[in-house]
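To keep things clear, I will list the structure first and then write my remarks on it.
Here the chain labels run A, B, C and D in written order, and each chain numbers its own residues starting at 1.
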Amino acid sequence: MTTNTVYKEVLMDHYRNPRNFSDVSQSEAVHRGSNPRCGDDIKIGVDFDGDNIGKIVFQGRGCSVCMASASMMTESVTGASKNEVLELTEQLREWFDEKQGDTPAPLETLFALDALRQYPARRRCVLLAWDALESIIQVE
Amino acid sequence: MTTNTVYKEVLMDHYRNPRNFSDVSQSEAVHRGSNPRCGDDIKIGVDFDGDNIGKIVFQGRGCSVCMASASMMTESVTGASKNEVLELTEQLREWFDEKQGDTPAPLETLFALDALRQYPARRRCVLLAWDALESIIQVE
Amino acid sequence: MSTNPYIKQTFNIQKQSQLIRKDFPLLNLYSGDNQLHYLDNAATSQKPQQVIDAISDCYQRVNAPVHRGLYALADESTTTYEKSRKKVAQFIGAPQSEQLIFTLSATESINMVAQGWLKHHLNAGDKVWVTGMEHHANLVPWQRVCKETGAELCFIELTEDGSLDLDNATELYSEKTRFIAMSHVSNVLGVINPVKEVTQRAAQAGIPVLIDATQSVGHIPVDVVELDCDFLAFSAHKMYGPTGIGALYGKADKLATMEPMLLGGGMVDEVGDYESSWASLPSKLEAGSPNLAGAIGFASAVDYIESIGLQTIESIVSELTEKALFALSNINGIKIYGPLDSERREGIISFNLDGIHPHDIAQIAGESNVAIRSGHHCCQPLMRRLGEVATVRASFAPYNIEEEINALLEVIETAQSIFMPR
Amino acid sequence: MSTNPYIKQTFNIQKQSQLIRKDFPLLNLYSGDNQLHYLDNAATSQKPQQVIDAISDCYQRVNAPVHRGLYALADESTTTYEKSRKKVAQFIGAPQSEQLIFTLSATESINMVAQGWLKHHLNAGDKVWVTGMEHHANLVPWQRVCKETGAELCFIELTEDGSLDLDNATELYSEKTRFIAMSHVSNVLGVINPVKEVTQRAAQAGIPVLIDATQSVGHIPVDVVELDCDFLAFSAHKMYGPTGIGALYGKADKLATMEPMLLGGGMVDEVGDYESSWASLPSKLEAGSPNLAGAIGFASAVDYIESIGLQTIESIVSELTEKALFALSNINGIKIYGPLDSERREGIISFNLDGIHPHDIAQIAGESNVAIRSGHHCCQPLMRRLGEVATVRASFAPYNIEEEINALLEVIETAQSIFMPR
């Protein structure tokens, strides 16, 4: 196995001990993200605090990348404004699509996703939670 | 131009002076043969004499090969029995499909068609009249 | 493009064709007395070594399932496939790659629109317009969809010189018209149709237009934004690309509302036992394992065209066409179809000779290694309008050279000496 | 076949695979630590140099329009195209070449039958049967045709071990059944279905049967007369042939009563302005310019298989499968789907590991150059029946060697050490 493995400690930690992983049924706004291709299926729940993300939780099942990415997302966006989240989502997409550039991840908390940029096939796993959150904000 | 040209004198003679080329409307049995691909469109008319071809005429338009082949056919089959014609048609098909074998044409009158065997694309031109005659006999 | 080896101001056009010809291995197989004069380019073009190599390279280096694997090779195949889509999409000026669907052929592209889009937008009494010069591929699918829905098929007729008689197609933009399908360039007459004129007025009337660009893409500039068409269909094999792959371009809203003709793997999202939902574009319209080598070959044909320059191609072909038209029009008993004005036509010339069946001319040509076509060219309705059952057709590509026109002229002379001896 | 270089009694199977592997340039690109362990053969196979060369040769020597020219090259292309048809037809035992239609893919073949035949033979209340293990390509087209006609889609369910539960499909041969569509070999379970048993009873009841043979042709013997199926669909790219071409076999009466899905050039006889008539078979079902290079590549893949011998292929793959099944079944926490009896399965093995998502296994495999697949494999209905969202799948070809099984086992060990540390 190459040293480039995506299964770095930080990612595995998020997968094994997902942050903010809990029932979304109490949240103000909920959106489901699913990828029938690999069976990833998660729900994101948000409580807003004015224009900001007050509380965010997620629930569901998926591969380690999908679950870890969702977990990292909840940590990254808590307290951020809607616009900040939308911008961050866009930055993350661009960063991911760059594949191997030197650009660091838009947030330090997301750095563990770096190795995945070589694998365009994992794009959807990484972005599933982010897409769902974006939908929530756009609907609001 | 190669010496293998299909436009030998005999063929051109049949094309320019088609034998038994006349109105088919008086014939006992008539069948139309057409090839929309190249616009060949002829009618064969037969009067039977018992089991034999008494009189055979044709009418229509087509390329030189189609017209000459029809003309040669009328000469070849006049007086022949239905079975003989069916057999001859089959022999002609086989001979044509052989492409370059040494087998001579089933009848001397058909020898001018020899060079055409190299050109499978002309199969339908050569056989159009024969197919029409076969249909007449099979219906009888 | 100063690095373009094909363009040097000091080169005349003859030399350019000869340089281009070197790229085509099939043509170089024959030499001297056996030289092949391939003038059947409107049927299918020959392929440059660059395209052949790209296909081999695909199988030797890239081949893996597209869109579905998590290993490096599958990433490579997916990336290469999507790059190929982008290349072809950009070549016709498609705003988004996803608007370019890879299909089996131009024929399939057109059928997809007939069955997947128009059929769901037609009612009895509606009108669908085509022209009197369409290839069967851009006619028979509309015949069927009209029959299925009770719509009426209407024809834009031709003027004496083989142009579209738009002035007399009075109902073309009427309220009843739901669709217009027309060719950009006729594969028989060579005429370039005033597509822009039609799409502009159609747009005002809210009528979608499909362009059959099978004879124009790769030959003359085609830009879907500039043409403002709703759909555009073409085939790789007519533009130096592989056999067995074509493309459909569509406006985003049109593709979005299109029902897929083919159902299966890759084009679905969720598949229940009794019902399924579709994936997003372009996947929705590409059921089954993608044709990876075909797409790569298609893109490399575009690369090839761009390396020569579309302008260079156009000027070579138009010079050949002009010379051929001039020489042919001096022949006794010849009838040339379509406008003679070389500005308004591509490198396709159809003609007939008095007293000689087109089949006989093509046969005599074949015996002299001149590859031309006789027949209805998949345009029976046009033949009826011309009052012919068939024509002879010679069509040029940038690898054709002037002496091949002479070979054609000799063939005609021979044919006349056999069939019309003085 | 004593001249067969691949078969020597003194060779063991390992050596045979190694010899075969030499024919596949893509696999030979990688060596040493970078060696590619391509175990995604059920998705698409690699291509031998022989097939790649046949395709290049087509473009370098044969390329010309098929069925339409009067010059020598066009004769050659036509003859070669029809020879290719004959080759593929004979390979599946089709009584007549005309019963073999070249298509875009197995997917297109199946859609052609759904839209062109079954749709015209179904009424509301009729039943169409499929199985619970079908690929989306052999399911979604039937879903649509049932919805369009009001017919009912019924499923032959699976037993615990992944076999067809024919005993409990009590209504299968009932009066209401109009069609049965089933796969010969499942692309997930690897199980070989008892097709003959079904066709025999279906024939008594007058029910046509379509076999999706995409995973069987080229892998195990397939003879359409012996199977007595009405339709059979397959793709070249799964049997060492090119991408972008498939085939449809049909019984003569079925093909004769089939409406063409694609309309256009080549498939018509007379084309009026408003109505057209169709050409005879096989042309009727092959609209558009034929895929010459695809057909030639397809035939050369058959040649390649015949040069190795189907039996040799079978025995290599079955030995690999047996070994892999044995080794895998000893792993803690593994679940293998489908019957374990290697007599009843092909070289396709799907499995899951407790506590590890299939995606993660495939990813870890990819990082070690082991190309395996994770996902639903275009079989979502089967996944539901297995109670999984996805599986891992490894699939073998005769160029795979025993050490590649070890590479797979190592990957599993790594995955377990990452995800299930003791």
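Going forward, a residue touches a chain if its C-beta (ideal position, glycine included) is under 8 Å from a C-beta of that chain, and two chains touch if they have at least 3 such contacts.
Here the structure is a predicted model, which means the values were calculated and not measured.
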Furthest chain, CA centroid comparison against chain A: B
Whole-Å separation of chain centres (CA-atom averages), chain C against chain D: 32
Between chain C and chain B, distance of the C-alpha-averaged centres to the nearest whole Å: 38
Centroid spacing, where centroids are CA-atom means, of chain B and chain D in whole angstrom: 46
Separation of chain A from chain B, taking each centre as the mean of its C-alpha atoms, in whole Å: 78
Shared-contact residues (touching 2 or more other chains) in chain A: 36-37, 119, 122
Multi-chain contact residues (two or more partners), chain D: 68-70, 74, 270-271, 359, 363, 366, 374-375, 380
Complete list of chain pairs which touch one another: A-C, A-D, B-C, B-D, C-D
Touching residues (chain side chain B, partner chain D) in the complex: 36, 118-122
Chain C - residues contacting chain D, complex: 25-26, 29, 36, 38, 40, 43-44, 46-47, 51-52, 55-56, 59-65, 68-74, 104-108, 110-111, 135-141, 143-144, 146-147, 153, 155, 235, 237, 242-246, 261-266, 268, 270-276, 287-294, 359, 362-363, 365-366, 369-375, 378, 380-381, 384
Complex interface listing, chain C residues touching chain A: 68-70, 74-75, 78-79, 269-271
Residues of chain D defined as touching chain A within the complex: 357-360, 363-364, 366-368, 374-376, 380, 383, 388-390, 414, 418-419
Residue ranges of chain B in contact with chain C within the complex: 1-2, 4-7, 12, 36-39, 41, 61-65, 119, 122, 125
